[in-house]
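Common to both upcoming complexes is chain A, partnered first by chain B, then by chain C.
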Partner chain A sequence: MLIKVSSASNSGLQTIAIDVEINVAGKGLPAFEIIGLPNKAVDESRDRVKTAIINSHIQFPSRRITINLAPADIPKEGSFYDLPIAVGILASVVGYQLPEESLFFGELSLDGTLRHTRGALLLSLFAKEKGIKNIFVPKASANEAAIVKGVNVYPIESLNQLSSYFSGEIDLQPAKYIEAKDDWMNAQAEFDMAEILGQEQAKRAAEISASGGHNLFLVGTPGSGKTMLARALAGILPSLSEKESLEVTKIYSASGRIPPEGSLVKTRPFRAPHHTISRVGLIGGSTKPQPGEVSLSHRGILFLDEFSEFPRSVLEALRQPLEDGSLTISRSRERVTYPSRFVLIASANPCPCGYLHHPKKPCLCTSREVEKYRKRVSGPILDRIDLHIDVPVVDIKELAKDRRLKDELEPSAIIRGRVIRARETQKNRFFDDGIHTNAEMKNKHIKKHCPLSKEVRHLLQQAGMNFQLSARSYYKMIKVARTIADLDDSRDITVSHMAEALQYRPRVQERE
Partner chain B sequence: MKTSNGVKTKNLETGYMGEAIAKKYLEDNGYRVVELNYRTKYAEIDLIAYDKDVLVFIEVRTKIGEQFGTPEETINKNKISRLIRNAEAYIAIKNCQKECRIDAFCVVLDKNRKVERRNHYKNITL
Partner chain C sequence: MKNIVEISDPKYPSLLKKIDQPPEKLYYKGNWNAALFEKCLAVVGSRKMTSYGRQITAKLVSEIAAEGITIVSGFMYGIDAAAHKAALAAGGKTIAVMPCGIDLIHPEYQADLYKEILKNDGLIISEFEGAFPPALWTYPRRNRIVAGLSLAAMVIEAGQKSGSLITAGLAEKYKRKLFAVPGQLTSTQSKGTLRLIKAGASIVTCAQDVLAAYGISNHKIPGEKLRSLNLNKLERNIVEKLQQEPMRIDALSRLLEVTASEIGTSVSLMQLKGFLFEEEGKYYVN
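Then we have the complex of A and B:
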């Protein structure tokens, strides 16, 4: 008896339909075979399915069972074929009428229960796109799939439950549609801005960075608070919008990072990989391309502490994602595109010993060493960072005054309020441009939204010539000035906005 | 094979004893034995019987004492694939259109050739 069960397989963020054909032959030696280019995980599904069916107290047919995963020329991987295979076998043995227009998806446990399976959200989105009414997923993954409206998501606990549903003994209710309500959470930051003493200029830069989505490069002596500042930055970011949240959740679902029972990702990602990270770890890759840190920090922050300690080949790979906001990983078998619109926060010391330009401590490095250290981060990378800022040494006297000062310092919540207002302005401005922040502006957007007065243009030209700004930096200055103007609630970019923006220009090309 | 003729004959005898025990046991349990030591091109099938409508190929393993391993241990992956190949050859020769399966029958004898235990394992290939 031949049974067809529909499922779908994810490759990156794309989903393709897979037909699972199950034939139980009436003659020949008993066997259980899976064909259609299964990999190890799919091949092992035989033993899971068999044991799960036996442990669900259902007679496993001692017949020749052939499973075909069509289209047969696409390599199959993953554990989610367990459920469609088991359903097909049950249907042919017990003779259930399977519901039409349904997708089955899930990994079986040996006791016949279903386990949380990665990629349920992508399946749900696929069902909606193709107009498929029902999807059957493990109960632990149902919350994730139920954020798509218009698809009946049936949460399945075990094979027994599903079998009684098919035979009409029990009724199953689809999981409730989970609406993206306004209960967005702000990212939990380790530090509050009010805990950081001094560093007013750095805090201002952090605020601009958070408002306009600008990349930020912090240079300073050891212990000056670079890391603390970067971590506090997570706390002043606005919460995710519904659309952004879906984008982030898709990436996390595809890579299996949503916990069981988990649903939409509601906080902006903050990723801080160690500098020993490999290129594949940062960018993504492997034969079945997986998202790297740049994609996992999509719509959030990628914090690279000790920027100049990262291997050069790893850093150079950042160029394209920084510029395009997405990247395509090409391998011989597959091409996968992942979004990677993140805000890069990098921090580094000014020289190997760390005390260059320190007011008290002498720097022990030779000028050649300093030169070499600086060259570890290439010009093209620095050119792509909008805000460059020196984090000065904190005066010990200031720290001693701690108690009194603390009440006067602005807490993160107030700064976030300003950031949210600036983002609101940007949202209205880019209503029909398809972008979210000032940093994402392309040249045509800059022409449209950032008209410069004669004085501002003159200032920028002067600065461009004096500081040898690249064409890219030139435009970046306008973008930063736009964000500063937004924070100021100003429609036009004034000379003072531009003058402030120019303080954050890249300084590496300038020789001392 | 380096074993002396005497030892080999002894093993063969043990084997035949086991097959006889298996045959008797199966017939007592309603099986209809159709072939004993059927030779195909590749090897030999110990027993072929009908369990109602299902054609059953039975591999009999016999051991005297278990101190050098159990009979079950001697049926490894390699042996099973050989059993499948033999059974398929038989099915092809006889053009059999029935449901089939492969069983194992393990017999352990004591020093006096008395049955210590016998076990019937149904459907070992699935």
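Then we have the complex of A and C:
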């Protein structure tokens, strides 16, 4: 008897329909085979399904069972074929009528219960797109799939439960649609800006970075508070919009990073990989292309501490995602595109020993070594960072004494208010342009949205000569000035805005 | 024709002959011009130059070189290179003494400076021929030529064990005048120079101090740049604070109780107008 069960397989963020065909033959020696280019995980599905059925006290047929995964020429991976295969065998043995227009998806445990399986959200989105009414997924993954409106998501606990449902003994209710509400949690930052003493200029740079989505490069001696500042920056970002949240959740679902019972990702991602990360780890890849840190930090922050310590080949790979906001990973078998629109916060020491220009500790590096260290990060990468700022070491004890100063420090919540307003302005401005932030502006957008007065242009030209700005830096300054003007609620970029923007120029080329 | 001057040659610098073990032969690049050796000043200092060192080298050496004194140094990075550059920038004369064979450029990455020196009628000399590699022992040998060529030696920044102290010691041994530039008591790069001053080296507070040793007295101090008087209140406050002590924007912001954003704006504008300049994040009044 031949049974067809529908399922779907995810490749990157794309989903394709898979038909699972189960034939339990009337004749022949007992056997259990899976064909249709299964990989190891799919092949092992035989043992899981067989044991799970037996442990659910259902008779496993001693017959020749052939499973075909169609289309047969696409390699199959993953453990989620367990459920459609088991359902097919049950249907052919017990003779249930399977519900129509349904997708089955999930990994079985040996005791017959279902385990949290990655990619449930993508399946649910696929069902909606194709007009498929019902999807059956493990209970632990149901919240994730129930984000999508108009699809009945049936949370399944075990094979027994499903079997009872098919035989009409019990009724199953689809999981409740989880609405994206405005009760987003604000990103829980480890530090509040008010906890950081001194660093007035660096804090201002962080505010500009958060407002315009500009990448930020912090240079300073160890202990000057670079890491603290980067972490506090997460707390002044606006919360995710519904659309952004879905984008992020898709990536997390595809890579199995949504915890059991988890649902929408509501906080902006903050990723801080260590500098020993491999290139594949950072940008994604492997034979079955997985999202890397750049995609996991989509719509959030990618914090690369000790930027100069990252291998050059790893850093160079950042160019495309920084430029395009997405990344295509091509492998012999498949090509996958993941979004990667993140704000890069990089931090580095000024020299190998870290104490260059430190007021108290002597620097042990020769100027040659300092030069070499600086050159570790290539020009093209630095060119893609809009804001460059020195984070000097501060005498915390001295500053902490000054009570007046401490009481006046702005908390993150107030800064965040300004950031949100500036983002709102940008949203309205770029309504027709398909971009969100000033940092994303290409030259044509700059021409359109940043007309410069004669005075401002003069200032910029003067700065170009005095500070040896590259052509690319020139445009970066305009983008940063645009954000500063937005923070100032100003329609035009004034001389003051441009003058402040110049503070955040890269100073590398100027040094001897 | 090979560029060699032997000790028997009348062109051989007479001052250099007076030292113990003067080099038998001097290999050189550039045009040998006896006038170059008339009034030489050795300028030496730390490789680990601080921003203060860079500033003061540029200021003192350019003023001295502008009066026709030849600046002799060792072509090392740090103060040496800064001294050569300052001399060239002032349109003065300079001689670089190499610690290696005449055909090598050491350090290699200063090839641009090397070319600049030759282009501006400077001289590169060495007692080592061909591609003789620099070694630990060649540096002190080179230093004796630097000191030997010069009527006086000026040390700008030297650490506790700086090689420039060897040059200073040699200059004293050869009975040449020794100058030292004072630095901050807290700076490790001032330890050596301060010790020299304590031991009796002449203190340098302006270019005139050095020029007097060469019999030049009517040196004019370049007048203070005319400052436009239409500074606004914030700008005046900033200039006032910076005149007391160079500082960062953060510190200015705290002292004046003005946001970093406003200070940054003013400072950028004043920097572009040439009132201020920046070194390692700190702003100085020009």
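By our rule, the second predicted complex is superposed on the first by the 500 of 512 C-alpha atoms of A that agree within 3 Å, B and C clash if a C-alpha of one lies under 4 Å from a C-alpha of the other, contacts with A are read in each partner's own complex, and residues count from 1 in each chain.
Please note the rule applied: a contact is a pair of C-beta atoms (placed from the backbone, for glycine too) under 8 Å apart; a residue touches a chain by one contact, two chains touch by 3 or more.
What you are looking at is a predicted structure, and each value in this text was computed from that prediction instead of being measured.
Peer 1: Based on the superposition on chain A, does the combination of chain B and chain C result in a clash or a fit?
Peer 2: fit
Peer 1: After the superposition on A, what does A:26 contact: first (chain B), second (chain C), both or neither?
Peer 2: First partner only.
Peer 1: Would you sort A:392 into first (chain B), second (chain C), both or neither based on which partner it touches?
Peer 2: The second partner, chain C, only.
Peer 1: Classify the contacts of A:429 with the two partner chains as first (chain B alone), second (chain C alone), both, or neither.
Peer 2: Neither partner.
Peer 1: State whether A:118 touches chain B only (first), chain C only (second), both chains, or neither.
Peer 2: In the superposition, A:118 touches no partner, neither chain B nor chain C.
Peer 1: Between chain B and chain C, whom does A:63 touch in the aligned arrangement: first, second, both, or neither?
Peer 2: It touches chain B, and chain C stays clear.
Peer 1: Looking at chain A, which partner touches more of its residues: chain C or chain B?
Peer 2: C
Peer 1: Check the residue A:203 against both partner chains and state whether it touches chain B (first), chain C (second), both, or neither.
Peer 2: A:203 contacts chain C only, not chain B.
Peer 1: Between chain B and chain C, report the minimum C-alpha distance in the superposition, expressed in whole angstrom.
Peer 2: Once the two complexes are overlaid, chain B and chain C approach no closer than 70 Å between C-alpha atoms.
Peer 1: Quick one: which bits of chain A touch chain B in the complex? Just the residue numbers, please.
Peer 2: Listed in rising order, the residues of chain A that touch chain B are 26-32, 50, 60, 62-63.
Peer 1: Which residues of chain A touch chain C in their complex?
Peer 2: 198-204, 357, 362-363, 366-368, 390, 392, 394, 405, 459, 462-463, 466, 484, 495-497, 499-500, 502-503
Peer 1: Which residues of chain B touch chain A in the complex?
Peer 2: Listed in rising order, the residues are 84, 87-88, 91, 96-102, 123, 125-126.
Peer 1: Over in the complex, which chain C residues touch chain A? Could you list them?
Peer 2: Those residues of chain C that touch chain A are 47-49, 51, 77-78, 107, 109, 188, 248-250, 253-254, 259-261, 263-269, 271-272, 280-281.
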